[in-house]
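Just below sit the structures, each encoded as structure tokens.
Next come two complexes built around subunit A: one with subunit B, the other with subunit C.
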Partner chain A sequence: MSFWSYLGNRHQQLLTDAFQHASAVFQCMVLATVIGVVLGVLTYRSEWAGNLAVTATSTILTIPSLALIGLLIPVLGLGVPPTVTALTLYGLLPIVRNAIVGLRGVDPTLVDAAKGIGMSRFARLAKVELPLAWPPILTGIRVSTQMLMGIAAIAAYASGPGLGNEIFRGIASLGSANALNQVLAGTLGIVVLALLFDAAYIVVGRMTIPRGIRV
Partner chain B sequence: MSARRPERPPGEHEVRGRAFRDDPEAAEDDGVAGAVGTGTGPLPHEAPERRLRWPKLVITPLVLGAALGATYLWISNADLDSIAHNALAGDTVQLRFWQSVKLTAYSTFWVLIIAIPVGIALTRRQLRKATPFVTALANIGQATPAIGLLALLVIWLGIGPRTAIIGMVAYAVLPVLSNTMAGLRSIDPTLVESARGIGMSAVGVLSKVELPLAVPLILAGVRTALVLNVGTSTLATFGGGGGLGDLITTGIQTQRMPVLVLGSILTVLLALAVDWIASVAEQLMRPRGLEVGS
Partner chain C sequence: MSEPSDRSPASGASVAGATIQLENLTKRYPGSAEPAVDSVSMEIKAGETVVFVGPSGCGKSTTLKMINRLIEPTSGRIRIGDEDVTDMDPVKLRRKIGYAIQSSGLFPHMTVAENVALVPKMVGWSKSRVKDRVEEMLDLVGLDPREFHGRYPRQLSGGQQQRVGVARALAADPPVLLMDEPFGAVDPITRDHLQDELIRLQHELHKTIVFVTHDFDEAIKLGDRIAVLREHSHIAQFDTPEAILTNPTDDFVSGFVGAGAALKRLNLTRVRDVGIAEFPTVTVDDPLQAIFDRLRDATTNELLLLDKRGRPYKWLRRGDLMRAKGSLARAGTLVHDTVTRDATLRDALEAVLTDSGGRVAVTGRRGEFIGVVDMETLMNSVHEMLEADRLTAIEHRHELEELRRQQTRLEQEGAEAAPPEGPKRADA
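== the complex of A and B ==
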């Protein structure tokens, strides 16, 4: 069976897998962004806590994803829970790091000026600091998403959802006529999804980065 | 960054100004573990970090050693049924561990042998036109899942350690390549020009000015390669390459949690140890002249 007719025959299954892949990554990214930015906001003012957060996140980042998933399985079982936990955890790291770097990079005189016109601590954060720190945070989100695309594929081995199942089905049936088609469909599907997400982030960046700091 | 727009040295009319421009996008986009956020601002760990301080040298190995000891105590006292026992029988665990180490070492060796010379070549004047092409390729490579790449190679080349190593090299070569290129491009062009101005040859400029200045970023690339390769070496099991991933997959397939947890813990410890060794090497090998305000 040629690749195209394979795609034609299995488009239902493939679309379901692709949708589940994208939705798992997307939901975990939303979760990771919220947690990551909150962690960044909580820790960036203290030298000690901020450095601890950065060190902790980069340590977790060096852990191979299959091993982390392997450690989560005895606690959470197979399927969606370890996948979501692992994806969110890995997704956090670049975001926390870039949030701290971004928030620390905000010109203190601007924050002072905001204080001077009577803005509250929360208003300063929401209207001055976070908008100025948004470009690096968005970069972190992009980096995270690309990474999660690949990790989600591996999570399929622990019965997670998504296109990784297609790849593992191909590996399991090595030598059969469809092995190549399955692996190719899964891999290319993930590449396409990753590029689509990346394009979407560029659009999001255009819409959300304040005009004054756009390069 | 935008201020870095050097005057062209004489005899370079064919170079459009573009080739000289530092491309902040490219540096920002290599979303590899070690380089998250490059170009978005000062990285905390690049801030004034001096020579090795003793806590860093001692604490990590102590913690890793203690964890290894605790794991050993736990697994030798754990209640294993026959399937789990068989999966760990003899020196299976040591064998898998050394397979992982070897896979990581070989693939890192090949990544460096390929990526650094190619990176140097691509930043030479004659080949700079290929840079956007390589950057685009690196971006697509970043989006390719490691497991998919490995599976495709297995179908193409058959199962075995060789395939696993080729897959690992293919996966890690692009991030290291873009690191090397970013390192060479971020060198202040006035330094290169003054070196040329005092009559150094192209080879002299490369070996005495550019490479020493790019050492920190190249070393960061080495570290990235090591960490990436430790990660993908767990996937080598799907290509018949063995390694600690074997223990993890056996644990999942047979639903024997001790096997799974042992494989995972050893993988984590190996990854952290490799990262620690690489970070120590990175700091030891950094040229002294670059330590302050690099």
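== the complex of A and C ==
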């Protein structure tokens, strides 16, 4: 069977897998963004705490994804919980790092001005520091998403959702007629999803970065 | 003009200044033996512009930042109006004190209007009132609200950014305005314009302004009183610019005043204090025939052509229109320099000297024509001023000689009593 007729036969299944893959990555990104930005906000003002946050998140990234999911299965069981946990943890590093760099990079004279005109600590953060740090944070989110797209494929190992199932099925039946098609379909699907997400981020950037600081 | 205090802020008229009292204000940073600011006490009157001037690192900026408690004083009290603000919530305090800094401090992700609206919004003004106020403030600092409203700070020149910075500082109508080297980062010409604008603003608003600079000329131009500060913010002299120029207390102050004190006096008199002469004018909207007739009738052989908004546009001489074959666009010479009523005599002199006709057009708040100042007026006023100065200088010299005589007498007596003291004094 050729690759194209394989796609034609299985498009229903492939689309479901692709949708679940995208949905898993998206939800984990939302979680990772919230946790990452909060971590950044809590730690950026102290040299020590900021470095600790970056080191901790980058340590998580060095754990092989297969091993992490494997380790999570006994604790959280199979399926969605270990997938979401692993993906969120992996997604943290670029966001935390960029949030800290972005927040620390805000011109101190602007913070001084914000204080001087009577903005409270919270107003300073919400109206001045975070909006100005948003472009680097968004870049972090983009990098994270690309990374999670690939890592999410491993989730199939824990019976998680997504295109990883296609790839694992192909690898398991290596030598059979459709093995190569399955791996290829899964891989290409992930690449296409990644490109679509990236395009979406460009649109998000256009809409959320104020014109005054857009480069 | 003399009773600004009974204006109500709701009617759009502004809140006038409040007094500021500093009592033994001290800032000591942990880990350094000497205090950065050592026991500063001064009283700043309501509606007064006081300039802190001194070498860099003398603590003038620290002193300023203690007034709105961006830097918390180690000890001492701050009183604004009748209120002791040393222990009040700093966020609330700062909303009542305008703050303008070097390089404007505008938020780049907000439009000009959003920047100006920040403080009024925070203190809870209604939407429509904030909107009106933004327009009013932009107009006040000489920016066309329709044009600049939606712009972002990076789309403005340095001078325009600084204007918006001042508009933001004044937006919620605070009685006190703190300015920390606000014009330090703009080019000299723009700085000059901004200084004139500030003087004009202060004439309308009567705020209490505390201004920090290291430029003594700027201090002379802007200050009602100048505090010359040395290390640890010790006050070397706190007096009017005239007094500091003619009678510096010590070598430190006279070193700061620098050379050309007489010429600097020109900075202390403003165009509005000398006679502004009238000048025949026509506007671009007048029919050509009328302009011809005016040129023929006028007692002088020159007319000033005003543009649609009443601003000086061109000097028209008799015959200019003929030569340009009746085209207003080509006739006459463009007005290349004008001064405001608040410009100093030095600026006016500069403009008159560079003008081929030996006169300069004086303009009002929005650039509209008021009159002209010519060489003759300037010469007369300068002569009067120098004459008065010479008299005071003689007076001061007599006082100084008297003082010195007393000092030498005392020293001689002291020398007889305690001979081993070395000749440490190097009197100038």
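Keep in mind that, in the parts below, the second predicted complex is superposed on the first by the 215 of 215 C-alpha atoms of A that agree within 3 Å, B and C clash if a C-alpha of one lies under 4 Å from a C-alpha of the other, contacts with A are read in each partner's own complex, and residues count from 1 in each chain.
In the analysis below, contacts are C-beta pairs under 8 Å (C-beta built on N, C-alpha and C of every residue); 3 or more make two chains touch, one makes a residue touch a chain.
None of these values were measured; they are calculated from a predicted model.
Under the clash rule set out above, the superposition-derived model of subunit A with subunit B and subunit C shows the two partners fitting side by side. When both complexes are overlaid on chain A, the residue A:161 reaches neither subunit B nor subunit C. Of the two partner chains placed by superposition, only subunit C is touched by A:128; subunit B is not. Taking the C-alpha centre of subunit A as the vertex, the lines to the centres of subunit B and subunit C open to an angle of 100 degrees, rounded to the nearest 10.
When both complexes are overlaid on chain A, the residue A:65 reaches subunit B alone and has no touch with subunit C.
Judged by the touch definition given at the top, the superposed model places A:213 against subunit C, while subunit B stays out of reach. When subunit A is checked against subunit B and against subunit C, the one touching more of its residues turns out to be B. Within the superposed three-chain model, A:91 lies out of touch with both subunit B and subunit C [touch as defined at top]. With both structures placed on the common chain, the touch criterion links A:73 to subunit B but leaves subunit C unconnected.
When both complexes are overlaid on chain A, the residue A:102 reaches subunit B alone and has no touch with subunit C.
Note on the superposed arrangement: subunit B and subunit C approach each other to a least C-alpha distance of 16 Å. The touching residues of subunit A, counted against subunit C in their complex, run 109-110, 112-120, 123, 127-128, 131-132, 210-213. Listing the residues of subunit B that touch subunit A in their complex gives 28, 31, 33, 36-37, 40-45, 139-140, 142-149, 151-152, 154-155, 159, 227, 230-235, 238, 244-245, 248-249, 251-252, 257, 260-261, 263-265, 267-268, 271-272, 275.
Subunit A makes touch with subunit B in their complex at residues 50-51, 54, 58-59, 61-68, 70-71, 73-74, 78, 93-94, 97-98, 100-102, 104-105, 135-136, 139-140, 142-143, 146-147, 149-150, 153-154, 157-158, 164, 167-168, 170-171, 174, 179-180, 183-184, 186-187, 190-191, 194-195, 198. Subunit C meets subunit A in the complex at residues 68, 70, 91-99, 101-103, 105-111, 118-119, 122, 152-154, 168-169, 178.
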